[in-house]
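Shared chain: chain A. Partners: chain B in the first complex, chain C in the second.
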Partner chain A sequence: MLEAKQLQKRFQDKTALDKLNLKVEPGEIYALLGPNGAGKTTTINLFLGFLTPDGGEALVDGISVAADPVAARRKIAYIPEQVALYPRFSGVENLEYFSRLGGGRHSRAELHALLERAGLKSDAAERMVGTYSKGMRQKVGIALALATGAKALLLDEPTSGLDPAASHEFSRLLRQLAGEKVAILMATHDLFRAREDATRVGILLKGRIASEYHRDEFQSRDLEKLYLERLGA
Partner chain B sequence: MILTIALKELRDTWRDGRFRIGGTLLVVLLIVSGVLAWQQNERTRAERDAATELDRRNWLEQGEKNSHSAGHYGLYAFKPTAPLAAFDRGVEPYVGSSVFLEAHRRNATSFLPAQDATNMRRFGELTASLSLQILVPLLIVLLAFGALAAERERGTLRQLLSLGVDPVQLVVGKFLGIALALALLLVPLIAVGAWLLSGTGEAGDPNLTRRILFLIGAYGLYLGTFLAIAVAVSARCRTGRGALALLLGLWAFNCVLAPRLATDLVEQWVPTPQLAEFDAAIAADLKKGIDGHDSRDVHLQKFTQETLAKHGKQNVMELPFNFNGLVMLESEKFSSEVYGHHYARMWDQLEAQDRATTLTGALAPMLALRTASMALSGTDLSQHRHFADASERHRMEFMRVLNEDLMKNARPGDHGYRVGRTLWEQLPPFVLAPREWDAVWTSVAAALGILGAWFAGSFLWLYMSARRMRLEVA
Partner chain C sequence: MSLFQLELRLMFRERAVLALLALFVLSLGYGIANGLELAERQRKEADALIIESSQFNKQVRDALERQALDPRQAMGSGHLALLPPPGFAVLSGGQADLLPSHERIILWRTEDPSEGKIGLANPTQLLTGRFDLAFVLIWLFPLFLLALIYDLCAGDRESGTLRLALSRGIGAWKLLGVRVLARGTPMTALALGAVLFAALLGGEGLSLPVWIATGVVLAYGLFWCAVALLSNCFTRTAAAAATVAGAAWVIFVMVIPTLLNVVVESAHPMPSRAELVAKLREASGDAERRSNELINTFYKDHPELAPPGMQADMLQRRLAVQEEIGRAMDPIYKEFDTELADQQQVVERWRFASPAIAAYEALSDLAGTGYWRHRAFRDQVAAFKDAVFEFYSPKFHKRQPLVKADIPMLPSFAFREEESAAVQGRTLSAMAGILALALLCLAPCALRLSRGASGKLVS
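Coming up: the complex of A and B.
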């Protein structure tokens, strides 16, 4: 579903991605770990078509992002660290607007049901989002992924700043989406959540996947130790 | 997709406190300016009606006198209120509202409203046109500076683009959404205003509807240009604060600096005729013609000899008509040509200034709009020239009738010749015919062309800004 083939990106003389190869299948949660500047967000941006690769290609459901970014984005839902919403609109209004732009057509009742499924109660969904916590915003983001029927989900530090309960709730939703055959690529520093949720973990160093572990590998070992060893810390 | 974005933008703008406060202020100002303009027009119309009636009565009741002396008694031609003067006063306050018509002299228009005004007038009059030219663009700046810059700062731009929204569709949707919000605010006011104010002009103009429609078109192009530029700036600036600063600078240049700069530039380019030189040139040329009131005048003596030779007479008393009447006719004809020549040159120069001012609309769209607005409202210099020329034609006809009466009906040498009300009634009151649409179009075409170019150019820039925006996101 999500595939990076020899993906390269340079910013002036700094190599952000160095022939990155990566594949996330439907139903997989791939946690992309790495220190700041390792190229995690660059990878996400290349899959979103916000950046143009200097070499290789990013594919979404077989569509080259560079060749047809709009078609590729139609298959993606994106949840950044802080889900951006319109403060003068309620949660359900935000969802209605974004889902329409993403090609979804839902009644108010359906939108409420989607938000409910994402963990946002109806009364909260009718409130202006200016009053929302970060966790509530993330839930709107998840509801949007549900509303657009995205085949792939790109997450950039999604649990950063969430309290443990909200983080746990968010993980539950992610696993639910994976269960619906959504391919999930999550750039994160949250080793605990990666260990809990990911089916595969990749450690990105200097623009390359330095190590990759399947769930059974890191479940039986200490992921933090593996990560720090790779970093040479 | 564009419609979805536009409707969301409309709803967002409607909920925006800036729009509610700015829009309310604007509506109040437009209503106040409309009411004030209506009152002003009604007052002017009443004063003018009273003055016209009084002048006509004075003319008819001047008593019996020599017909040429009646020419010196004179009468007034009053300028009717322009078709849409209540919307845009144009040059009206500065060019005079009536002209005294008398024998031998072409007088300039007098009774300038600006002369009767307080010093506060220098700050400008509150008119609907001024509100639309200056205040609506300011409201546009306040509404549009964050259209995309705020999306970028808030992070919603990434969110939108990640959904596969095309940047061009996004900016067009933004443009339409804000335009719709403004239209909801302005269209009802414009519709009511046009209906109320269109009837206030004294001159029944057959092109009134066309004038109003073109005015709406011109203001639409102007405000559309400003909105497109504002959205484009918002798309290009990284922060809302930067976009606001840049747009306020553009607004100040367009609405405050450019008109003054254009005035100075045009003055250098096409200097304003000097009144003293103008009067001296006319006086010098008048000396080359017959002075009917000076028997020692060489031109009069020459004309006398030529007339006697033509009729084979030795003495003017032998002529079959009153020679004095012929002299007055001839003298009036000559002086009219002199005045006509100099006034035409002056008007041509002033109109050349107007055309140059219109061309400076390439620097700032408000300059082109101002020309179009005044021309379509019938308050520009060309409309005033139309009045001045028509009143001069009326003066010439009025003097021709009086002098021909003297020539044909007074016995030669009869200095006690008198006529009365029967002749005075033969002279109809001054009526100003509406300008032909072709003449109005000539005044307005270039300005509309420049506004059209601004509109097209601003949209092209908006398109380019949308294309560029995609690269800026990261």
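Coming up: the complex of A and C.
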């Protein structure tokens, strides 16, 4: 579903991604770990078509992002670290707006049902987003993914700043989406969530996947230790 | 709900938007009220002049039906040459407050320079003039419009909303296009509505010039939308986008028209008022001193007009003096007309340096208060003066009374309007020019937002 083939990106003289190869299948949650500057956000941006690769290609459901970014984005839902919504719109209005941008048309009742599914009650959904916590915004982001029936979900530090309960709730929703055969690529520093949720973990170092572990590997071993060892700390 | 409607809803969540719209409506209303007041004043003046003139003409004709009449009596306070008030004057005062809309032709009176010509100035000066509808549309409309559209995506880029929006699979062109359309529509609709409303109130009705005026205003609005798009494509923050949009307004609405005015004044300066008055006095004094010599020379040149015994009376001397003053002043008046025409030519040539100039020129033209209609009036008045002179001069000199047979030949002025096709040609070309400027602004946006490059907007 999500595939990076020999993906390269340079910023002036700095190599951000160095022939990255990566594949996330439907139903998989792939946690991309790595220190700051390893290339995690660059990878997400290349899948979104916000950056143009210097080599290789990013594919979403077989569509080359560089060749047709709009078509590729239609298959993706994206949840950034801070889900930036319009503060003067309510949750349901934001969902309607962003869903409409992707061509979706939903009734008010359907929008409420989607938000409810994402864990946002009706009364909260009608409140202005300016009053929302970060967790509530993330839920609107999840509802957006549900609304569009996205085949792939890109997450950039999604649990950063969430309290444990919100983080737990968020993980539950992710696993639910994975159960619906959505391919999920999650760039994160949250080793605990990665261990809990991911089906595969990749450690990105200097623009390359330095190591990759399947769930049974990092479940049986200490992920933090594996990660730190790989970093040479 | 469509994306357009959602964008509108989003915009109206900002309370300041309603305040801005209300303020714009007030400005438009005030502009229309001023225009109506001017149009009404012009109409009343014209009506009074027409009534007075037709009553006097009727008296003359009635008197001629009964008996012969001294031509001085027939001339009375002068033959009236009147520029009829334009039907769409409510749109723009134009040059109406600078140029005389009527003239009384009296052969023995020295022309008073304060009545007209020296008060003329080039049309761009009028950009700083009257608070009429054209002023609101040219000066304030872009400001109000930019207040709503200056931040099409720059603020969203800062907050991160743009990333989320573009990740939804919408093209940057479409997103910004729908947004500028939604945000620009209320203000533009008010501006267009004001033009139509003014036309209905002013009695012009929904004529072709009114529709062309709405086209010009629409094109002008589109130009500013293109400016907003351009600034949003190439700036990173809302503050920077606002600065660029504000600077564009200052440059296009204030700086370029002022610079053009300076250039026009420098390249084709008008004869100075003081110089004109001094020259007139000098010519009058000289002609008065030489009145005997002038009348004698005149009768030598025109023996057929000489009265019996070559004894000229006061009026005949006055005519000879006026003719001499006219001869002396003619080059200065000609210079004035030439300079004004040259100024207008420069303005015409450079009007597309700023859409404000092109739009203002077009609106004044459509309102009937622009240069060209006044120019036609002045030309026709000059021809009328000649006709009056041709008719009366022999009678004054030969001391011939007017008789009943002269009634059909009595000079009268009827303004012939310029061909409407000429006005339409000028104004439609102005509209096309403004649209071309808008496209010029959109070209770099097209490159910036082209397929695959839209990511540059968020990064």
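Convention: the second predicted complex is superposed on the first by the 233 of 233 C-alpha atoms of A that agree within 3 Å, B and C clash if a C-alpha of one lies under 4 Å from a C-alpha of the other, contacts with A are read in each partner's own complex, and residues count from 1 in each chain.
Here is the rule we go by: contacts are C-beta pairs under 8 Å (C-beta built on N, C-alpha and C of every residue); 3 or more make two chains touch, one makes a residue touch a chain.
Here the structure is a predicted model, which means the values were calculated and not measured.
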Simultaneous placement of chain C and chain B on chain A, clash or fit: clash
Partner chain(s) touched by A:209 [first = chain B, second = chain C, both, neither]: neither
First (chain B), second (chain C), both or neither touched by A:92: neither
First, second, both or neither for A:101, with chain B first and chain C second: both
Which of chain B and chain C A:78 touches, first, second, both or neither: both
Winner by number of chain A residues touched, once chain B and chain C are compared: C
Touching partner for A:48 - first (chain B), second (chain C), both, neither: both
Contacts of A:182 with chain B and chain C, given as first, second, both or neither: neither
Touching partner for A:66 - first (chain B), second (chain C), both, neither: second
Doubly contacted chain A residues - partners chain C and chain B: 45, 48, 50-51, 69-74, 76-78, 80, 82-86, 88-89, 97-98, 100-103, 148, 154
Residue ranges of chain A in contact with chain B within the complex: 45, 48, 50-51, 69-74, 76-78, 80, 82-86, 88-89, 97-98, 100-103, 148, 154
Residues of chain C that touch chain A when the two form their complex: 1-3, 6, 9-10, 13-14, 156, 159-161, 163-171, 175, 451-455, 458-459
Residue ranges of chain B in contact with chain A within the complex: 1, 4-5, 8, 11-12, 15-16, 154-156, 158-166, 470, 473-474
Chain C partner contacts - residues on chain A that touch it in the complex: 45, 48-52, 66-78, 80, 82-86, 88-89, 93, 96-103, 141, 144, 148, 154
